[in-house]
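Let me begin by presenting the structure, written as structure tokens, before commenting on it.
Per-chain residue numbering starts at 1, and chain names A, B, C, D, E and F are given in the order in which the chains are listed.
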Amino acid sequence: MSVILITVIFAAILAFVLGIALGFFQKKFHVERDPKIDEVRAALPGANCGGCGFPGCDGYAEAVATGRALTTKCSAGGASTAEAVSKIMGVDAGAEDLVTVLLCQGTKDLAVSKGDYVGIKTCRASKLSTGSVKACSWGCQGLGDCVAVCKFDALEMGDDGLPHVNYDNCTGCGMCVEECPQKLFTLVPRGKKGSIVLCSNRNVIKANVMKTCKTGCIKCEICVKQCPEKCITMVNGIPVTDYDKCTSCGVCVQKCPTHAYKLLETDVMGEKKKVPVLAEA
Amino acid sequence: MKGTLKLGITLALFAVGACASLAVVYTVTKPQIEAQDQLALEASLRDLFPEGEEFEDISASISSANDAVRISSAFLAKRGGAPLGLAVKAAGPSYGGQAVLLVGVELNRSIAGVRILELNDTAGLGANAKNPGYYVDKANKVTFPGQFAGKFITDPFVVKSDVVAITASTITSTSLTTIVKAAAEAGALWLENSALAPPADQNSAASYSGSAASESAPEATGGN
Amino acid sequence: MKSLWKTFKQGIIYENPLLMLMIGLCSALAVTSSVANGLGMGLAMTFVLLFSEIVISIFRKVIPNSVRIPIFIIIIAAFTTMVDLVMKAYFPDLSKSMGVFIPLIVVNCIIMGRVEAFASKQGVLPAIFDSLGMGLGYTWVMVAISAVRELLGNGSVAGIPLMPASFQPILFFILPPGGFLVFGLFISFNIWLKGRMDKTAKERA
Amino acid sequence: MAVKTFKGGAHPPERKERSSALAIQRLREVKLVVVPVNQHFGAPLQPLVKVGDSVKRGQKIADAEGRMTVPVHAPIAGVVKKIEPRTQSNNSDGSCIIIEALPPPAEGQPVPAPEDLADFMPPLDPFACSKEEALARVRAAGIVGMGGAGFPAHVKLAPSKPIALVIANGAECEPFLTIDERSLIERADDVVEGVAITMKIVNAPEGVIAVEENKVHAVPLLEKAIAASPRTRAGMKIRVQLLKTKYPQGGEKMLITAITGKEVPSGGLPMDVGCVVQNIGTLLAMVEAFKEGKPLIERGLTISGGACTKPANVIAPIGTPVADIIAAGLAQVDEEKLGMVIYGGPMMGVAVPNYQIPVQKNTSGVLLLDTIESKHYDEETCIRCGRCMRACSCRLSPALLAVAVESGDYKEAEKIGLLDCIECGTCSFVCPSHRHLVQRFRVGKQILRALKQKEAQNAR
Amino acid sequence: MDLAKIFLVALLVNNVVLMRFLALCSYVGMTNDVGQSVGMGFAVTFVTVLATAATWPIYHFLLVPMGLTFLKILVFILVIASLVQLVEFYLKKNIPGLYAAMGIYLPLITTNCAILAVTFENIDYGYSFIQSIVYAVGVSLGYLLAMVLLAGVRDRMKTSPVPKFLQGTPILFIASSLLGVAFMGFSGLIK
Amino acid sequence: MPAKGLLLSSSPHSFTPVSTPKIMLSVLIALIPASAYGVYLYGFSALALILVSMASAAAAEFVFRKLIKASTTVADFSALVTGLLLALTLPPSTPLWMGALGAAFAIIVAKEFFGGLGANPLNPALIGRAFLLMSFPASITTWTLPQGLVVGPDAISSLSLSQGAVDAVTAVTPLGLIKSGKTLADVGTYLGTHSDGELLKQLFLGFHSGSMGESSILLITLGGLFLLGIGVIQWIIPAAVLGSTFLFSWILGMNPLFSLFTGGIAFGAFFMATDYATRPLTPKGQVIFGIGIGLITAVIRKFGGFPEGVTYAILIMNIATPFLNKMRVKKYGFVPPVKPAKPSKEAAR
């Protein structure tokens, strides 16, 4: 019985002293910081296991709160924690839902290649070494730098030599836009309606466009002339649609002799994406 | 300050609760835990001296001549008040750390038997010393510790000579042999000093026939 | 009831503490050289997890936030000590072969993690299911790993010889490096398994 | 004579025997030239002519303000047909002035007077004029370094540090190329004169003509020319130095190290160790610019390679499509065997999609490789044999550098010398796994420079 | 046992990570780069020594006389947790430079089982105070060694074409396995 | 203009004829003398062990790469090299299935798991040997006498060696004898020599029990010199390993020449430590690497649990390789960093 008594007394004293000391030190050494860190920290399990790659839960909370880390990294807490953390952080992340669009249709069959490229299989390397693997200096290199950089599995290299966007997965993060050495990607709002030119060539010698790519914009300006809404203008050699006026009537798409014009809602993001371009054109 | 005090008290309350229940568990299990150690030791002692009825703790009066080997305790086995032999618990270094052996010494200064209590050597190699199914002499089913039974402390105790080594574990074999020898010598010395054993020069195996005398040490025919 | 079952299942596979969350690894490797040890450790762990979660869930409303960690530690340490004492008293051999790893349950991230993430926020019943799921998830992996290691390294499972007499045990597997290797392959297998299950789930959806 | 060299390097098959004995031929009839506006390392130029203008041979057709610019001249007399982007020998599209030659005078028509066709500057004595005048002449003649990147010669000749040694780079370490070798043999006097002019301009006490051992037969000719030169008689010190045949012996830094034992500091220029290195072609162009007032409108180049059934050393007007040189019969090519066209040497040259691309100021050769020679290999994994490290003339660690670049660790890459790589290609040449090391470094340099630029902007 | 022996056994022969599987969470989590692992290693060394210095007297001068040895687990973990907390508070306020370098690793240490294991083993092995400290240093430097070595291997694996099914954590454990094989060479080094 | 597409690539466009398979083949050739001598000494069982080990290594690589759907790399001979190296480090009497298991383990776990050729952090052959040594310590430390070697007449009695079947005599290696406390003279007695010089000569020529890779130091050195001569390996590592082993053995009170002529130190120095993937790349790193191997070998032989320490010494130094790679030579034109260096504008011609 005496053991129990001694234990109880000892424990009481020890814990009391510790409690007081902790409270005291917490006050004395208090350092101001972002309340969001504490909020995130509170949502974390506090196992301090280091599984997230940050030094402990505090380190991770700070990283999340300052935007240096994803909200889903806590493995100890699992999905519920990730949700909670996202809730704390993600409230103000309600930006526009963007998706990426590839502004090139130069498939293996349609675009002429300059030669057989041997070397590092990245677009950046091929562009640096050959100017462009395709005869068109503006065309897609088809070596998948965009696919490699995409964290969301939203890009896939197709058999036709062009990357294909999986719009279910695309988050509009813009990594591909940054990465593409030819700057062929652009971000548009998901579900955007209107027409768009899937070509980026700025060749000033119009005659040469057809020699390099069967579906290149040849700057004939038929679209500009035919558009009933007069919403297409040539900017830097490429027709640009004014989406405030565009009614998706499809005239430009029909009239474009090289099928460079496409409708965003059907041909790009719609069910029947990538209508095959006619080769005879 | 009031908040701090409150924290301290809450913490203390939980600690008291936890520790109180712990203390209860402790008081319940304490006798059992202590009994376990004693039981294990006694089992070994009885194993060495099956005829022993009581075991007198003489740990205080025995010491080892070998610096590396520490005698942790020793027990004099008695039957009806008459001494049967001495069990020496000795610890010494082996391949994988400390090894603890219990060595039984007959009054005639031969070894009654050796039991390995603790050994952390490599599994499958040195650890075979405590494997009851591992025989250094397969024909006669003699285990490594078993081969010591019946040896006299005057024997050379040289591995690969009169002691058969465990295959590919010369170090374990040598270390254990050293412990056995040191323990047996310490035990024999104690017996001499207590005048329970005849002095060294009068040593003769014929004078006394121990329980393990029939088990003669195997000739050095196996191993490498 | 369904959500309780789901909580339970999470720990067994999807959020298996060892294979998916990769916490509480130390004991998983150290004591899995034989099935008896693996099972013993798993059950000891489940016991501590279960009672810690229950107690903390009961008291979750009266524990002040700023000292919750010390209080959790006290409670977990108390149960760990109990397990330690009980094992020493009634399973001395097992206790000896697991050595320092029984007391080390107290710093096992699984317990602290679950207590913080689950028990301190949920009721008693879900906490019980969570702890059982996590505990058994831990235990089955322990047993599986130790079975593989014991079979290859000793030719037996749970002490029962399974391999033919001519089998020469591959000691590598019960030595420390073997533990790392087997565990690494287990994780790889589980990742593959989970990928497969996600895929079929997606296809079904 | 002691043979000097540097540490590292490799010895690719020389293949010079195909063209080393062939005398330099001059291409006279040119119908059309495509003159890239920008052929130098530095700020871009503006065309000074417009479509339809008549131009005389040697007339300035593009220029710009600024120190790092060099004008471009019309290589032939004719009419400007177009000014439009065309593929240049670095594979990029650049603005080119396309000049069509005047038709040959019809029968009975008067042959136009030479002064109507040509517009050269008056001769200038470099030993009598001031340094400023001489430099102005070098720039006005449009002279750039004719071996490599096209560094403006007048900038190189106006160093901010004292110069002790002028080196004429006759190493010509690239396989196949023999134009420098032929120039050394056929125009030894002019080479010596060029060294003397350079020495005069930079006020250097000594000049060295560096020649690789495989051109040892040029040494007596050069020594004779040196002995006969009025400049050496007047006390100028010029000598010939033999170098071991090894790639990249002709690299500016390696050449300096081989001859002087000094190393050009990282990020520095040859003048930091008191040297000026001049390409043989550049020296000849300078001699012509002073003696004849002729700007840099033509250059010598080697046309060779396995698919080239008749190799040649030719002098052609700048802007001549190489196809026209072949069409003129100076060289022949077997289209069937052709696998690859390289402008420059096989170690540092650029593979281009056709040989329609014009000769530029820095085109030292055009190689028409057959399908066997042009075999390129797919990359295998690095086996870490360390051959690249022993071969690297800059003592870098290509294998480790490649790892740093691949893992995106540009900080580490810069630390271990990514920017010190001279892209000589030795590491890729010796790699048994055929790693595309140099290409990796090129890409890495591009990214690293972009990163540094970004950093500098952020710092601001 | 002399001190050098205790130290070497703890450092190499019974390496805390590779041979005894302690502190694996941080071993896996904190070896992304060499600098990080060194920081963590030194932080652990510091706290282990501190914890040993604190728990040894508490056990021998407080728990043993009062017959409360069974409270060992509870008391030790509390002491270590508080110690870590206090060190962190102190560093954050008074030596922010050191805190920036090391402090961020401190919270991870509370649940680092190597530290608790060392304090227990000091008691179990019956080490004296000095021996305990030496043992603590040996173990924690062994931890540092393993961390740094794995970080080196990991660094190298960043560009290796590791098969897909092993990428990530599995290959780390396999690498650790091979490190363990190499460390087996030390076994029996000190008898 | 050509209708077909020409090749486009980044310079250089010229490549050395040296290739990975040729390098591996030359290693195989360099190992022929030592292997052939081993087969001569130990007969058919040694030959079978070599063949099984090589076949198992190649098969393991082939099957594994097929399973993960990667390109097949058996044609580069590297697996065969690993298999042969492993076989040469094992006792000639090793059961064939163990050789096969070890080779498969070496290839799959130590090499392919990490990404195949060039990516393995530790020497696969040595991992294979260490794996077998850990797993089957008895078999891997059971040596046989070479055919025709008659041990000294008093050897059996004085060293208490036992004789089993007539054709396979169990034996101890010279290092094993030393480890169990015997002197050099005892080794001499055992091998039937009468002076230290004679003993060293016999060790050098290779007439003693042990693995095939430690039999004839002469033939191994010849193989090593062949590789040095054709530039497949460089002299720094072998020199550092052998030199430091000599030195540290001497310091620790062992006969330095005996240390060099016994065990796998020569084999390790020429064939194992020079393994491309696991040695440091930089000369400075290689020096330290070699010295480290010599030191650890001497320490394990003197104090450790194994008679032979080369395997573990090399493996331990393998782990240090990523750090030794940081010891680079100063690059061309190195200037102490005062300000960030500017890009070089010059390109070689």
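What we mean here is this: a residue touches a chain if its C-beta (ideal position, glycine included) is under 8 Å from a C-beta of that chain, and two chains touch if they have at least 3 such contacts.
Quick caveat, the model's predicted, so the values are computed rather than measured.
Think of each touching pair as a link: the shortest run of links from chain C to chain D has 2 of them.
Common neighbours of chain A and chain E, listed by label, are B, C, D, F. Relative to the C-alpha centre of chain B, the farthest chain centre belongs to D. Chain centres here are means of the Cα atoms, and by that rule the chain farthest away from chain E is D. Highest inter-chain contact count (C-beta pairs) belongs to D-F. With centres defined as mean CA coordinates, chain D is found 88 Å away from chain B. Computed centre separation for the pair chain C/chain F is 42 angstrom, with centres defined by C-alpha atoms. Chain A and chain D have CA centres that are 44 Å apart. Rounded to whole angstrom units, the spacing between the C-alpha centres of chain C and chain E is 22. Residues of chain D found to touch two or more other chains are 351, 353, 376, 381, 436, 439, 442. The set of chain C residues touching two or more other chains comprises 22-23, 66-67, 69-70, 74, 77-78, 81, 85, 109, 112, 169, 171, 175, 177, 181. In chain A, the positions touching at least two other chains are 3, 7, 10-11, 14-15, 18-19, 22-23, 26, 47-49, 51, 114-115, 118-120, 125, 128-130. The touching residues of chain E, counted against chain A in their complex, run 25-26, 28-30, 32, 40, 66-68, 71, 75, 78, 82, 85-86, 89-90, 92-93, 104-108, 110-111. Listed in rising order, the residues of chain B touching chain E in the complex are 18-19, 22-23, 26, 93-97, 122, 171, 175. Taken together, the chain F residues at the contact with chain E in this complex read 68, 70, 109-110, 112-116, 119, 121-122, 127, 130-131, 134, 296, 299-300, 303-306, 309, 311-313, 315-316, 318-323. Chain F makes touch with chain A in their complex at residues 5-10. Touching chain C in their complex are the following residues of chain B: 6-7, 10-11, 14-15, 18-19, 21-22, 25-26, 29, 32-33, 36, 40, 122-125.
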